[in-house]
Every structure is written in structure tokens, then in C-alpha cells.
Amino acid sequence: MLFHVKMDVHLPPDMDPDVRADTLAREKAYSQQLQRDGKWPHIWRITGQYSNVSIFDVASNDELHQLVSNLPLFPYMDIAVTPLATHPSDVKAG
Amino acid sequence: MLFHVKMDVHLPPDMDPDVRADTLAREKAYSQQLQRDGKWPHIWRITGQYSNVSIFDVASNDELHQLVSNLPLFPYMDIAVTPLATHPSDVKAG
Amino acid sequence: MLFHVKMDVHLPPDMDPDVRADTLAREKAYSQQLQRDGKWPHIWRITGQYSNVSIFDVASNDELHQLVSNLPLFPYMDIAVTPLATHPSDVKAG
Amino acid sequence: MLFHVKMDVHLPPDMDPDVRADTLAREKAYSQQLQRDGKWPHIWRITGQYSNVSIFDVASNDELHQLVSNLPLFPYMDIAVTPLATHPSDVKAG
Amino acid sequence: MLFHVKMDVHLPPDMDPDVRADTLAREKAYSQQLQRDGKWPHIWRITGQYSNVSIFDVASNDELHQLVSNLPLFPYMDIAVTPLATHPSDVKAG
Amino acid sequence: MLFHVKMDVHLPPDMDPDVRADTLAREKAYSQQLQRDGKWPHIWRITGQYSNVSIFDVASNDELHQLVSNLPLFPYMDIAVTPLATHPSDVKAG
Amino acid sequence: MLFHVKMDVHLPPDMDPDVRADTLAREKAYSQQLQRDGKWPHIWRITGQYSNVSIFDVASNDELHQLVSNLPLFPYMDIAVTPLATHPSDVKAG
Amino acid sequence: MLFHVKMDVHLPPDMDPDVRADTLAREKAYSQQLQRDGKWPHIWRITGQYSNVSIFDVASNDELHQLVSNLPLFPYMDIAVTPLATHPSDVKAG
Amino acid sequence: MLFHVKMDVHLPPDMDPDVRADTLAREKAYSQQLQRDGKWPHIWRITGQYSNVSIFDVASNDELHQLVSNLPLFPYMDIAVTPLATHPSDVKAG
Amino acid sequence: MLFHVKMDVHLPPDMDPDVRADTLAREKAYSQQLQRDGKWPHIWRITGQYSNVSIFDVASNDELHQLVSNLPLFPYMDIAVTPLATHPSDVKAG
């Protein structure tokens, strides 16, 4: 089941550089593990912004919330979730 | 080069049924041809709305505008285009 | 799996009275059948508005879209869907 | 009498960890007591956000304000209240 | 129990003059009856707009919705309801 | 001459408790004096929010600005002023 | 007493040309009479829009509403009123 | 003196085809004459929308309003004007 | 050439009192000098807000930006500029 | 390929003056180098605001994101990117 997730990152300008570097490293590792597990099939940077548009593939709303709320950057992000359904014109659909 | 395109369809309630059916049939055929050509790799329905989120893969802004403005539903849609870039955490990139 | 659905109804002032009455009767019958089937466990009127807040209980985004887009009033409504997850303080959970 | 209450939590990133843990523990205990008392029949997490949608069942606007403004997280939340009425299609209504 | 109700009137420019005059006359009579009954203690015109701000005094959300949705102008209005509570500095309270 | 004034209070979470208590005490005394003077005939709490809706009765815009800008909480509030006129359906008018 | 009034004109594209010409002629005459009477000391066109920003000088909110609601274009305009007070840096003030 | 002008075109779906074709032909001729005169140095299509972003070079606000309000599409457009000044980092300035 | 300028002041609550007093004194002197020079013919307080609406009379966009960006309060203000043109109904024009 | 980029700068009022001066100097040098390289053909100040409107000329979305995200002021800016296409009325277009 697919969800469209938009994430806008707002890091405080005075964030401790070590905390920042560590948070970003953990974010990247966590994201890439979910991508390899097939839970996070697409992630794109929004051009010109510290934001991304992502597609998640999960079994339930609860699983999606558990995955997203464990993101190391979660406390620093505005997140909007849009549930996606099959489009009747999709050539890849059944 | 990828673009995120959100399309919201607003058909007039009093649209002639034949015009409506013909427009929708041409829209579907046009969309599916672009999908098969690799120009429109993803199309998803936004759950609960007469809207879609799509990803286009084109060579330029001009090509994208030419493709989108030729959609049979173009006069009936609100369209928002967001240019996408490679995300540094994308496991499929480089 | 629960979804929060807000529906705002906009009927044209000059709608044919018979079409209007028939559409509303079919909407009510359809809604009540889904309520009896357990798919639509809650529906509330927003005080002072021709709008409702509803909770749907479905197996997937696709099922939700299929149910909502078949509403007789669907062409006359603005609809916003919010996916819901279990709250960690919910005494009914776990 | 039912009210729809949406709560968005905004904790300062530099909040003292002990104050934070204590506030959250008191919030949970307070919320669960109101749920057990039948004043707060539903609480759902908004997927992907530090927010909830709740239904309160109270005797008056004054009682609702007294309950909500005593939430330990009240100073850290944006709150929107929508009064709910019986929907004429509700199969559970008289 | 008090509610703040803002009503914005949007009459179609091509409304039949007799229907318009009749609707406005019934609206005025209905409003003044509710005012005399004590259900609608205040009504003010918003300066420069075809809008009003009103205070209703009712026993429940259901009563408020029943009163407001029976307004002859209801199909032509955008309406926003805000539940009011006693202010702790109100010299008339307690 | 009546004005509708909406005030949203935003106190900094780290405000000194003594300054806060003193400011609130002065705000209450100032507000109640204006109420007793007939300048501030109504004040209501917006249910669930640290906000109020008030009606002021003053001789001029200048008097209203002088009264409002002297509120001890003025530096901490977002304030919106709407001038009110007599409604033609008001049974208390004329 | 001064008020800032912004007016946005929305004439229907299919308005009868004679009605349109007559309405605009009456609007201009009415506006110029109020300007000559000193009630409407300033009127400016917003560059690039069918809108104006005006300053009215009236004795009360009721007088302002009476003047504005009698504008021949009133049914075709969105109007926003902002009450103005003396600025403490105004060299023309006392 | 430069101005940034954004124009969004909204043609009625039921516009007479001859009127439409004639209006668009006159719009194009008028726009191209102003471009050749140096008054309208840049015009770009917003990708995916029936909108443009333009730069005008005029002697005054009055000249800009006269040019823009004479556009054949003026009654069908939403227009936003932003005055531009020299940027201190512009290598072409000074 | 006239411009409508709206300025909203946001001073930090913890601003040093001496810096604050000095900034406000310089702002007032600067504003009054421009008023006396005829560059700033009108300044009004928005009733109930720490905001003003002003009219500037300058030779160009560049001159306006230079005047406004030198305001001592510039770093603390949200500013919106609207270019004004002659209104065809203005009795003072032509 | 052209892109319209709007940048709004928000420097913290308490930014260290040396850091500020150094950041601004590096921003100017970086911007001017891109201008000289033909990547950034236009930059205009928005009159009355600490903002600019720019036109970038790049080969791809990725190149644009790389150029913009390396701006020394990037952490302090809100940035909006709009892809531009050739306008059919542009006299400079083929």
C-alpha cells in the first residue's frame, strides 16, 4: 500500500555541529535500510529546498507512522502524508 | 530529468455526457501512450479525490509543458509542477 | 485500518429538485449500508455547515477510494482524507 | 455533546529531558483518566505527525475548555475545536 | 451555552428578484423570532461586507445546527461556528 | 460604536514565572476596569484556545487603539479588529 | 475617523453591456460626489488589477457601511475594511 | 523601471470559439508589439500552467497599469505586480 | 509616483531596552524627516496592531527600496509594497 | 533551461556580526561568479523586502539544486523554484 510523504527539514541554525553530523548520519543509514527493505521505494530531493518527496510501501497506517516517527530527523521536520490508490489509467496496474 | 506533477480535475457538473466520455477516453489513451514511452513513469490516484500525483521523465521544461498542455483534460485541471533532483540518500543513485 | 474523512457538500443552487432528491436518497441508502457493513463506523455533522466528519474502517487505500468515489454526492463534494494510526495513550489499544 | 478536537504538539527542541518526560507522563495519565471517565471517547494519532484527532463528550463548552486547558501539554499545542451534531444518515442515531 | 457564528452571504447576481425578496423577508422574520426567543442574543453587520457576526445561546450543538440550517439563506451562506466559554476575567461571570 | 476584537495570546514557554504572574494580574485588572467602565461590554474565551473574542464600545478608532495597545499582554498577542455596524434585522436596533 | 477600504471588482464576463455601462457610470458619479463631500478623501488604482485602495473619512462604522453598501458595484466587489488610527510619528498629527 | 508581472489566464470553458480565437490573436499581436517596443523585455510560460511570468520596463506605475489593463485577456486574468529594484550583487548594475 | 506600503513590526520580547528605545527614536526621526521631505505623505496606525499603512511618493522603485531598507526597524518588519496608479474616478486627477 | 527562483532571506537578529559580514561577502562573490558564468542571468531585488527574484539557466534540475544549495545564505533562506518554458508569444523565441 503506497503513501506519498513530503518532508521539510528545519534544523536550528545554532545546532551543535557534532549532534547535527551524527543525526544526519543516522538519518541516512536508517533511510537507506528502509529503501533496501523495499519499504521506501522512492526518495527525491525537491529542487532548491531542504525537503524531499518520498513514496512508502507499507502494510498499514500504523506501520507507516512507526517508520516515519523513528526517523532521527523527525523532531525537526514538517511531514505531510497522502494515501495513494491505483490510478485507472496506470499501465502497470493489473 | 524528473518532475512531480499534481493534477486536480474539475469537470463542470453540466458537461455534455458524450463530450465528457470522449474527453476521458482520449485522456486515458494519451496518458497510457506517454507511460509506455517512458515519459510518464508513475501515476497514482490521491485517495478520495479526483486528483493524481504523477512523475514525468523528460529532457526539458519545454518538453514537459508540451506534454502536459496537450492533455485532453488540461482545460479542466489545476496543475502544480515541482522539479525533482537526486536525493543524496537515494540507494539507487550513483 | 482507520481513515478520517472530511466531506464538504456544494450542491448547485439551480440543481433540478428531482435529481437532487434522488441523489440525496441514494447517498443516504449507500452511506447507511456501509455503516451497517462496519466500513463507515462514525459519521458526524459539522455544526452549522453542510459538511461531515467521518471515520472509515477499510483494508486498504484502494478500498477507501472505491467506497468514497462511488458516493452519489462525490461529484459535488470536496473531500480530505487523513490516515489514522493507533495513539499510544489510547486505553482501548493493546 | 460531541466535539472534534485536533491537537498539534510543538515541543521545543531544547526542552529539559526530565521536564519533557514528566510532562508526557502526566499528559498520558490525564488523558487516560478522561478516556476511562467517558469524557474522551476517541483519540487517534495522525499518521506521520506529532498530532492527534480526538472526540470529546462533554456537557458544555465550559466543561470542554476546562478539560482541554488543563492538559499538561496545553502550553505546547495548537488546538482546533469543531462542534459536532447528529448526522441525519447516522444509523446509530435515534 | 454561547456560540460565535460568522455568516457570509453570497447571492447569485442573476437570482430572480421575487425569489430574492421573498427569501430575505423570510430570513428577517426567522431571525427576529429567534432573537425574541433569546436564542440569538446578538447580531452585528460586518462593516463594508454582506456578512454578520452573531452570538447564539442554545442548549446543544444539535439545537444550534437545527436553528442555523433552517435559515432561509442557509444555501447561500458560508458559515463558521466557534464555541465560546466563560472568560476568567469576565466581570459578569460568577 | 462597536468593534469585534479577537486576541490570541502567545506567551514564551520560558517566561519568568513572576513576570508572567504579574503581567496576567495587571491584564485582568485592566480588563475588568474597562468592562466596568462600559468600554469592553463582552469578553468570551474561545473554547480550547488561549484566545478571546471581545466586543469594545468606544467613541473612535483612536480610542480603541489606545485601549488595546495599553493591554499588559499587548506585546504577546496577535490582534484582529473588525468594525461592526447595526444589522437591519437586529430587533434591538431602531 | 479614517478607514482603509480595499475593493476588488469582479464583473461577470457575460454581463449585459448596457447594464454594465450604466452601473459603471452610476458608480463613478456616486464616488465623485462622496469625494467632493470629503467623505472619500483618497482613491487609488492598484497597478495591474481591477481593484482600488481608498481612504474614507466618516463619523461612524454605521455611516461607512451605509456609504459602501450603496455603491452601485457593491454586489460585484470583495471589500475589506481596516480602521485607521493616528500614528505617533505622523508629523501632521497634533 | 522594472516590474515583475505574473498573469494566470482563466478562459470560460464555454467561451465562443470565434471570440476566443480572436481574443488570443489580438493578445499575441499586442504583446509582441510591446516586446518590440522594449516595454515588455521578458515573457516566460510557467511550466504546466496557462500562466506567464513577465518583466515590464516602464516609466511609471501609471504607464504599467495602462499597458496591462489594455491586454485583450485582461478581463480573464488574475494579475500580480511586484516592483523590482537593482540588486546590490547584480554584475550588470553600476 | 505613489506606493502603498504596509509594515508589521515584530520586536523580540527580550530586546535590550536601551537598544529598543534608541532604535525607536531613530525610526521616528527618520520617518519624520521623510514626511517633511514629501517622500512619505501619509502614515496611519492600523487600529489594534503594531503595524502601519503608509503612502510613499518617490521617483522610482530603486528610491523606494533605498528609503525603506534604511529604516532602523527594517530588520524587524514584514513589509508589503503595492504600486498605485491614478484611479479614473479620482476627482483630484486630471 | 530557465528557472524562476524566489529567495527570501531571514537572518537571525542576534547573528554574530563577523559571521554575518563574512557570509554576505561569500554570498556576493559566489553569486557574481555564477552570473559571470552565465548560470544566473538575472537577479532583482524585490522592492521593500530582503528578497530577490532570480532567473537561472542550467542544464538540469540536479545542477540547479547543486548551485542553489551551495549558496552561503542557503540555511537562512526560503526558496521557491518555478520551471520556465518558452512562451508562444515570445518574439525572441525561434
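Note that the chains are named A, B, C, D, E, F, G, H, I and J in the order they appear, and that numbering of residues resets to 1 at the start of each chain.
Note that in this section a residue touches a chain if its C-beta (ideal position, glycine included) is under 8 Å from a C-beta of that chain, and two chains touch if they have at least 3 such contacts.
By chain, UniProt protein names: A, B, C, D, E, F, G, H, I, J = Muconolactone Delta-isomerase.
Note that the structure is a prediction, hence the values are computed from the model and not measured.
S.K.: What are the mutual neighbours of chain D and chain F in this structure?
M.R.: E
S.K.: Compare the contact pairs of D-F with those of each option in C-D, B-J or C-E, and report the one where over half match by residue number.
M.R.: The D-F interface is reproduced by C-E.
S.K.: Mind checking the centre-to-centre distance between chain B and chain D? Centres are C-alpha means, answer in whole Å.
M.R.: Inter-chain centre distance comes to 39 Å.
S.K.: Could you work out how far the Cα centre of chain G sits from that of chain I, in whole Å?
M.R.: 23
S.K.: Could you say which residues in chain F touch two or more other chains, in rising order?
M.R.: 2-3, 45, 47-48, 61, 64-65, 81-86
S.K.: Would you please name all pairs of chains that touch?
M.R.: Applying the touch rule to all chain pairs gives A-B, A-C, A-D, A-J, B-C, B-H, B-J, C-D, C-E, D-E, D-F, E-F, E-G, F-G, F-I, G-H, G-I, H-I, H-J, I-J.
S.K.: In the complex of these two chains, what residues of chain C are touching chain D?
M.R.: Interface residues on chain C, with respect to chain D: 2, 4, 27-28, 31-32, 35-36, 43-48, 52-53, 82-92.
S.K.: If you look only at chain A, which of its residues touch chain D in the complex?
M.R.: Those residues of chain A that touch chain D are 3, 5, 12, 61, 64-65, 68-69, 75-76, 79-81.
S.K.: Would you mind writing out the residues of chain E in touch with chain D in their complex?
M.R.: Interface residues on the chain E side: 1-3, 60-62, 64-65, 81, 83-86.
S.K.: Could you pull out which chain C residues touch chain E in their complex?
M.R.: Where chain C meets chain E, its residues are 11, 13, 45, 47-50.
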